[in-house]
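Each of the next two complexes has chain A plus one other chain: chain B in the first, chain C in the second.
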Partner chain A sequence: MIASLGRFGLFVGTFARASLTHRPPVARTLEEAYRIGVRSLPILLVISAFVGTNLAFQGFYGFRSIGGQAFLGMFVALSGVREMVPIMVAAMVAAKAGTEMASQIAVMRSREQIEALEVMAVDPYWYLITPRFLGILLVLPPLTILSIATMLLAGWAVVVAQLHQNGQAFLGLAFGSLYTVDFLFATIKGACFAVIICLVSCFQGFTSERGPAGVGQATNKAVVYSAMVCAILNYFLSQALYG
Partner chain B sequence: MADATDPVIRLVDVHKRFGDLVVLDGVSLDIPRGQTVAIIGPSGAGKSVLIKHIVGLLEPDSGEVWVDGIDMAHATERQKRGVRKRFGMLFQGGALFDSLTAGENVAFPLRYHTKLSESERRRVAEEKLAMVDLPGIYDRPTPQLSGGQRKRVGLARAIVLEPEVVVFDEPNSGLDPLTSDTIDDLIVRMKERLGITFVVITHDIVQAVRIADWIGMLWEGHLVEYAPRERFLHTRKQVVRAFMKRNVTLPQ
Partner chain C sequence: MQFLVSLGRFGVYGARVLWRMVTPPFELREIARHTVLITVRCVVPVVAVVFPLGMVLALQGASILKMFGAPQLLPSLIAVAVFREVSPVLATALVTAQGGSAFAAELGAMRIQEEIDATQVMGIDPLRVHVAPRVWATLFATPFLGLLGTLAGFGGAWFSASVVRDLPGGIYWANLWSLTGPRDLWGSLVKTVIFGLLVGLIATWRGFYAEGGEEGVGRAVNDTTVIAITAFVVLNYFLTSALFGGVG
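Let's turn to the complex of A and B:
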């Protein structure tokens, strides 16, 4: 465990030095951002929508028993914007983009392509990780905001169409209980999760064993460790930002 | 400044172990400039580990690895990168990037180490592809290349920066005998045409005899024999003769 943490620390240090001592790979960063953003967006929108519907249901039936339906907007907004959506987006992006990063790099490790980069005097940390890091950092905050908007919209639709409640009152209370900083904090969480997902996934790919089993293990560990670290970090971030 | 008669690569008493496994056990070796050197030996003898030391991918536990006057074991990353720009390497599987076309793979080092425009890079890459008898395949996706073609594209990439030394890791592994002969012919032709130093790691003694000026044999971490080709073929060392017996007719 301590040895693994030490190796991860060394990996992050080497990556940071490589990124700071080379020109940023702008074109490849934009390619990565486009790829991560476009591929993750549909699944994120679907899941965010259904997080919104279910928060609305749970809020409605939970508050109805104490006559507090009016708090529905506040419940959906606070739980969704502050907690559910940022961590759910992180988990989905870890499952989609993180596993892709780990498996691609692990396959390159297996096929000696990382060593080939080194022999060609091209820094593999800069070539492979920097564009992925900047790309995911660029798209995860806006993906989080888009997912929040979808979640609120879906929650509103259920409140109006299915629960037959006052939609305007729902939105009024939802936005009334939120501050601008809530959106800022959601993007900060998104950025922190982006850093974790990228570094953990790329580390798993870089340090994978050769062969198909190694690629499978790296992919599996990437999603498990990324999601776990994001969940733990989410607790501390919420403490720091809202405590 | 390095003299033309100095060895381009010098290993001095190199030791390397992975855990309890001793892979290199005091290997010393001079690789003469402009010559083709083949290192033979059975699988697991430490051949690949040896060349990874030469290109600085591995560091010895003890001993020295000198490349053109620079000690790779103690060189900074910047120095190693400088040395590597003068190296080309053909990996066992080619190590081509599947997301690029054959030609883009060849042009890859030019993109990062020259100021050539895209069209100039393409021209140089096409020239190198023609040199390895693969004209007109610049735009072919890498996954569509056969095993032999991958090796030749890998070779074109290895020579694209016109290096001083090209290192081959098992250039014939996984190839049929005819394709293997083609690769051997290419290596001989390249050496005559470009006059560069080749270091070839192989378990194929026939290939070594066909292409090399010097041959060495690694056995259980030791370089048990290292000599010019003719002298090597007349060696009295039993382990070397036993290894060669399967493939070549030995002098009495």
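Let's turn to the complex of A and C:
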């Protein structure tokens, strides 16, 4: 474990040097941003909608015991914006974009395309990883904001249609209890998770073993390790931002 | 249209696998081997994800409940949230990410290397020997990991509330069960069993029908995580509505 941590450190170092010493790959970054952002959007919105519905259930049940149904809006808004949406967005981006990065790069490794890039004097870190890194960093904050909006909308729908509570009060309290910094912090969290997911997934792809089993394994490790690191980092981020 | 076609294919595949799961002969050794393997593989990820999330819940919950002056409500709220939603969903997400995608990768590699065709040529039913035991394994492992995750979540919340903050441990453990009952345990088990079955079927389906070389294996793993997580998060809403009447 220590050895792979060290290898990961070296990988990040090489990547950072390659990205800083080369011209930024603007066109490829936009291409990756489009691929990650637009293709992940529908699934992210579905997930966020159902996070909102279940948060509404949770809050209603929990606060009913102290007669605080009226505070439902605050509960859904705060827990959703601060924790559940960033972490679920990270989980989905790891599952979709992260596994895609890992498997694409692992296939390239397996077919010796990475070696071919090196032979052509193209830095593979700069060519393969920098655009993915910048691309995911570019799209995750807007994806987080859109997910928050969907989450609140779905929570509102459940509150009105299924729990028969006052929708106006829900929305009023939800927006009343959120500050601009909450959105800022949510996007900061999203950006930190994006960095982790991208680096971990690309590292797994880059160091994968050859052959179909190796590709599968790299993809598998990519999503598990990024989820674990994100969940642990999330605690420290929350402690630092809201603690 | 494409979606409906896939849904139909998945339905037929699911029915064929389910039939082989409940009719003898059972591959008991294979079932046991896969169950142990997937459980062992998933224990660390589940604990490593749910424990910090429990800590975060306590951290955030404390600041919300302080506004009401009801800090003793914290443990019972956390217990409900972890039991009913957080642990089943996150444990299943990690079973998908770790176990399900491993199954998809294994079966995909077997398909690409024509091992599945070889099994068939030998007159052995690949769905029975390769697929059914794996689906049983996710079905058995997910409820267990869900309960383990629940304990880890309680532990994380306790750590954050009592050790980092200053809520006395006695208050925490005394209030933990005030809003939860046997119904939460059964509900949580029913949820995770259904999720486990769904994840097992989706993962083996994508792996079993992988095509197109190494990229195909990668795509099978990718599809598995995305389809399975989306499917069970959507299903979770309906299960919460049905099991807990939405609100309990």
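The rule is short, and it goes like this: the second predicted complex is superposed on the first by the 243 of 243 C-alpha atoms of A that agree within 3 Å, B and C clash if a C-alpha of one lies under 4 Å from a C-alpha of the other, contacts with A are read in each partner's own complex, and residues count from 1 in each chain.
One rule holds for everything that comes next: a contact is a pair of C-beta atoms (placed from the backbone, for glycine too) under 8 Å apart; a residue touches a chain by one contact, two chains touch by 3 or more.
It should be emphasised that the depicted structure is a prediction, and the values quoted were computed from it without experimental measurement.
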First, second, both or neither for A:Ser19, with chain B first and chain C second: neither
Chain B versus chain C as contact partner of A:Val215, first or second or both or neither: second
Touch count on chain A, higher of chain B and chain C: C
Which superposed partner A:Thr150 touches (first chain B, second chain C, both, neither): neither
Touched partner set for A:Thr29, first chain B, second chain C, both or neither: neither
Partner chain(s) touched by A:Ala116 [first = chain B, second = chain C, both, neither]: first
First (chain B), second (chain C), both or neither touched by A:Ser201: neither
Common ground on chain A, meaning residues reached by chain C in one complex and by chain B in the other: 111
List of chain C residues in touch with chain A within their complex: 44-45, 48-50, 52-53, 55-57, 59-60, 63-64, 68, 70, 73, 76-77, 80-81, 84-85, 93-94, 96-98, 101-102, 104-106, 108-109, 112-113, 160, 179, 213-222, 225-226, 229-230, 233-234, 236-237, 240-241, 244, 246-248
Interface residues, chain A side, partner chain B - complex: 111-113, 115-116, 118-122
Parts of chain B lying in touch with chain A, wherever the complex brings them together: 52, 55-57, 81-82, 84-85, 87, 89, 91-93, 95-97, 108-109, 112-113, 157
List of chain A residues in touch with chain C within their complex: 43, 46-47, 50-51, 53-54, 57-58, 60-62, 64-66, 68, 71, 74-75, 78-79, 82-83, 87, 91-92, 94-96, 99-100, 102-104, 106-107, 110-111, 162-163, 211-213, 215-217, 219-220, 223-224, 227-228, 231-232, 234-235, 238-239, 242-243
